[in-house]
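The letters A, B and C name the chains in turn, as written, and every chain counts its residues from 1.
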Amino acid sequence: MATTSTTVPGAGPRASSRSFLSRLRDGDEIARLLTFLFAATVVLITATLVYQLWVDSVLPRHKFGWKFLVTEVWDPVFDQFGALPFIFGTVVTSAVALLIAVPLGIGAAIFLAELAPRRVSDALTFFIDLLAAVPSVIYGLLGVFILVPLMREVIQPFLRATLGFLPIFSGPGYGVSFLTAGIVLAVMVIPFIISVSREVLMSVPRDVREAALALGATRWESTWKVVVPFARPGIFGSIFLALARALGETMAVTMVIGNTPKIAASLFAPGYSIAAVIANEFTEATGDLYLQSLVELGLVLFLLTFILNGLARLLILLTERRGSGAYA
Amino acid sequence: MTARLRFRKLVSAVMLSLTGVCAFVAVSVLFFILGYLAFHGGRSLNWDFFTKLPTPVGEAGGGMANAIVGSAKLLLLASLVGVPIGFFGGIYLAEFGRRGAGFVVRYAADLLNGVPSIVIGIFAYALLVLPLKHFSTMAGAFALGVMMIPITLRSTEEFLRSVPRSLREGAMALGASKWRTIVTVIVPAAYRGILTAILLALARVAGETAPLLFTAFNNRFWSPGWRQPTASLPVMIFTYAVAPYDDWHRQAWAAGLVLLGLVLVVNIIARLVLARGISVPRA
Amino acid sequence: MNATAKQPISMNISALPGATTREMLADQPMRMTISKLNFWYGPKQTLFDVTLGFAANHITAMIGPSGCGKSTLLRTLNRMYEAVSNARLEGEIQLDGQSILTQDVTQLRRRVGMVFQRPNPFPKSIFDNVAYGPRINGHNQPLAEVVESSLRRAALWEEVKDQLHKSAYELSGGQQQRLCIARALAVEPEVLLLDEPCSALDPISTAKIEELLVQLKELCTIVTVTHNMQQAARVSDFTAFLLTGVMVEYNPTPQLFTTPSDPRTEAYITGRFG
């Protein structure tokens, strides 16, 4: 072994760096600068967006403070603005959507990832990706003309007759309601739950499931007790992603929720959501306080989705780390 | 076989069948939507739809020619905003800014990607409608363009990175500088994937309604230039669907069919014909 | 080719291991020389005080077990190691008597061409692959001529002359590798580096490339890395044996394989390790 192995790394001249001037002549520095300007635009746009939401909602923030979030009154005539009915509507419709979409979506994802032969799974996933591409106004259109009459004539009377003793299924039904909006949202977010959950399930290492099968577990037991728990953080990530989409969804909800700023115990009652009220009233808002209250609703929506998306990404990342890290 | 084992096997079979039912239900929604729209929209679709302006309330007939042109103008201008920023920004992320500044850009893009489209509408309103004092094609296109940025950016980055290292080395060993390597070898190798991503981004914003409501607004007539409000297919569908006139509902179905057809065709072309990926065998 | 215009220099090789044939090596004009080269990837040193020279218009082979640093050494000669962010180098490397470490790297790579382990044609036509170097470097000869002569030198012309505008990916692996050689030759390098050029190829393609290398030394100085000792013995004029980053022996090929001067070399070529 050569004696110079004791040389301290870092003592010698720096090896790699080409002079700035030579890179400039080759155009590398120009290319870096040019592409950097475009990349910086992305940061600029995002920062401006947040800044605009903040400064354009200064009036209601000063006038109402935190009470904006818990006030039930939305009265443009008397300049009283509270976000509670909209937050309520947004949360309730999203909750209904998840209650329906999560079991269906995860079930379908299990089928696609664990059971279906690869080609069938790929073909079905292709259709589900197409489903995710259907514009929300189309869901709204079908909601208005198919689901609303169906709710009014069939589903709501049926639920009232069978489960009417529960407050959430009581009262008159007009078709447009929290429940209707929740169902439309469920249909819209199912594709997201399926495709993300399928990916995380497929990233579970093969030997995990083989180990369970080798111990005598049935196919379902190995899936439900071993594979799904392994992928659990990622599946939660897919649910949060779906939730973030449901919260921010505008058109389909606007078209079927009934647009009434009221808080009601019954899911049959018409309601309102944050995105829907912005869509409906923004162009009609007279007076700065009214308009800025709508912008503040936008800010609330932004923050909600921001937090959920952050959590979702973190969870999906954790699962994929687990899949590749533990068994690499 | 013990009773307990038989029970476990039964549970297994039942639950696994149920997951199949879930998948079947999810996929059948697509065919239901397609079938229903094809049926209702097909009945209402005629040549007038593509060539005539909307008629005043109460008068039957007419079409949505102005909305079709309006949507095309919006998408064209939106691409001019979204594609260069996303594409060149993506090159920066993949080739120059792997750390530091790159992290900030990536974070900003992910954040932007999660912003609800209605909030993007508020942003475009504050930036372009309020100062110029009227609704415009420009403002609507800006909102859609902003929505295209994160998708184009991250997929450009992803596809450039998936170009094998050996190609990069091959070009550099011939004396190509970094930017020449990018322009002559790396981007051409990744262009199919990038093109696919741009098409998918376009298809996605083509159906967006919420950010247009108070930016491009609506217009019953042709919209000259870029500084006037314009009609667009998604906004027309919304306006016509919630209006109380049967003839308008008929038109909404027709518009829905045209919009969905366009979006799905672009998606299928992008996913099947171009296929995602790079035009190089991976090592 | 402008290589003849430059005077190859001689080097002082008294420091070289393998004392018996110093005289023979010393007679050779050297195209490239390496002296006291130390190399690190991050904190890990991979080359230790390596000193050797590459004789003009000869083939020098570098052999050794995998991980011995032979590929790293090759990659210092056209500074390809700079693509790795935490690589660091000390020592001196000269091309025609001038340090390569201070000159412009793109200029250097035009003079020192490289062929890689796996064929890496660009996703372009056969013609455009060969024309790539002349195009980016600005060439005053007509492109078609350069492409034809390069393909002829790489012994590929007869096989592809009717399909120059087909994608390079339609060629077989061996043809692709010869295309990569043609692509490197098109910029008329003074030195051609080959990093295990046959390791991904079948025996027939390998034989073709070996034959080609022997012809090519008329045109340029060739340095090849191989883990295949028979190949080194067949094609090279000089062979350097590396072990764990140290140059153990450097001698004319027949001598290194028949009467190695270092016991470690003998152990390696007789198959006792590696």
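Heads up, the rule we're going with is that a contact is a pair of C-beta atoms (placed from the backbone, for glycine too) under 8 Å apart; a residue touches a chain by one contact, two chains touch by 3 or more.
It should be emphasised that the depicted structure is a prediction, and the values quoted were computed from it without experimental measurement.
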Innermost chain, taking as reference the mean of every protein Cα atom displayed: B
Comparison of B-C and A-B (more C-beta pairs in contact): A-B
Of all other chains, the one whose Cα centre sits farthest from chain C: A
Centre-of-Cα separation between chain C and chain A, whole angstrom: 55
Distance between the centres, which are taken as Cα means, of chain B and chain A, whole angstrom: 17
Centroid distance [mean C-alpha coordinates] between chain C and chain B, Å: 50
Overlap residues in chain B, where contacts from two or more other chains coincide: 177, 180
For chain C, residues contacting two or more additional chains: 106
Contacts with 2+ other chains: residues of chain A: 26
Residues on chain B engaged by chain A in the complex (per definition of touch): 8-9, 11-13, 15-16, 18-23, 25-27, 29-30, 33, 36-37, 84-85, 87-89, 91-93, 95-97, 101-102, 104-105, 108-112, 114-123, 125-127, 146, 149-150, 153, 177-180, 182, 200, 203-204, 206-210, 213-214, 217, 234, 237-238, 241-242, 249, 252-253, 256, 259-260, 263-264, 267-268, 271
Touching residues on chain B, where the partner in the complex is chain C: 164, 166-177, 180, 184-185, 188-189, 279-281, 283
Parts of chain A lying in touch with chain B, wherever the complex brings them together: 23, 26-28, 30-32, 34-43, 45-49, 52-53, 56, 103-108, 110-112, 114-116, 124, 126-131, 133-138, 140-142, 144-146, 187, 190-191, 194, 218-221, 223-224, 244, 247-251, 254-255, 275, 278-279, 282-283, 294-295, 298, 301-302, 305-306, 309, 313
In the complex, chain C residues that touch chain B: 78, 80, 83, 106-110, 113-114, 116, 118, 120-124, 132-133, 136-137, 169, 180, 183-184, 187
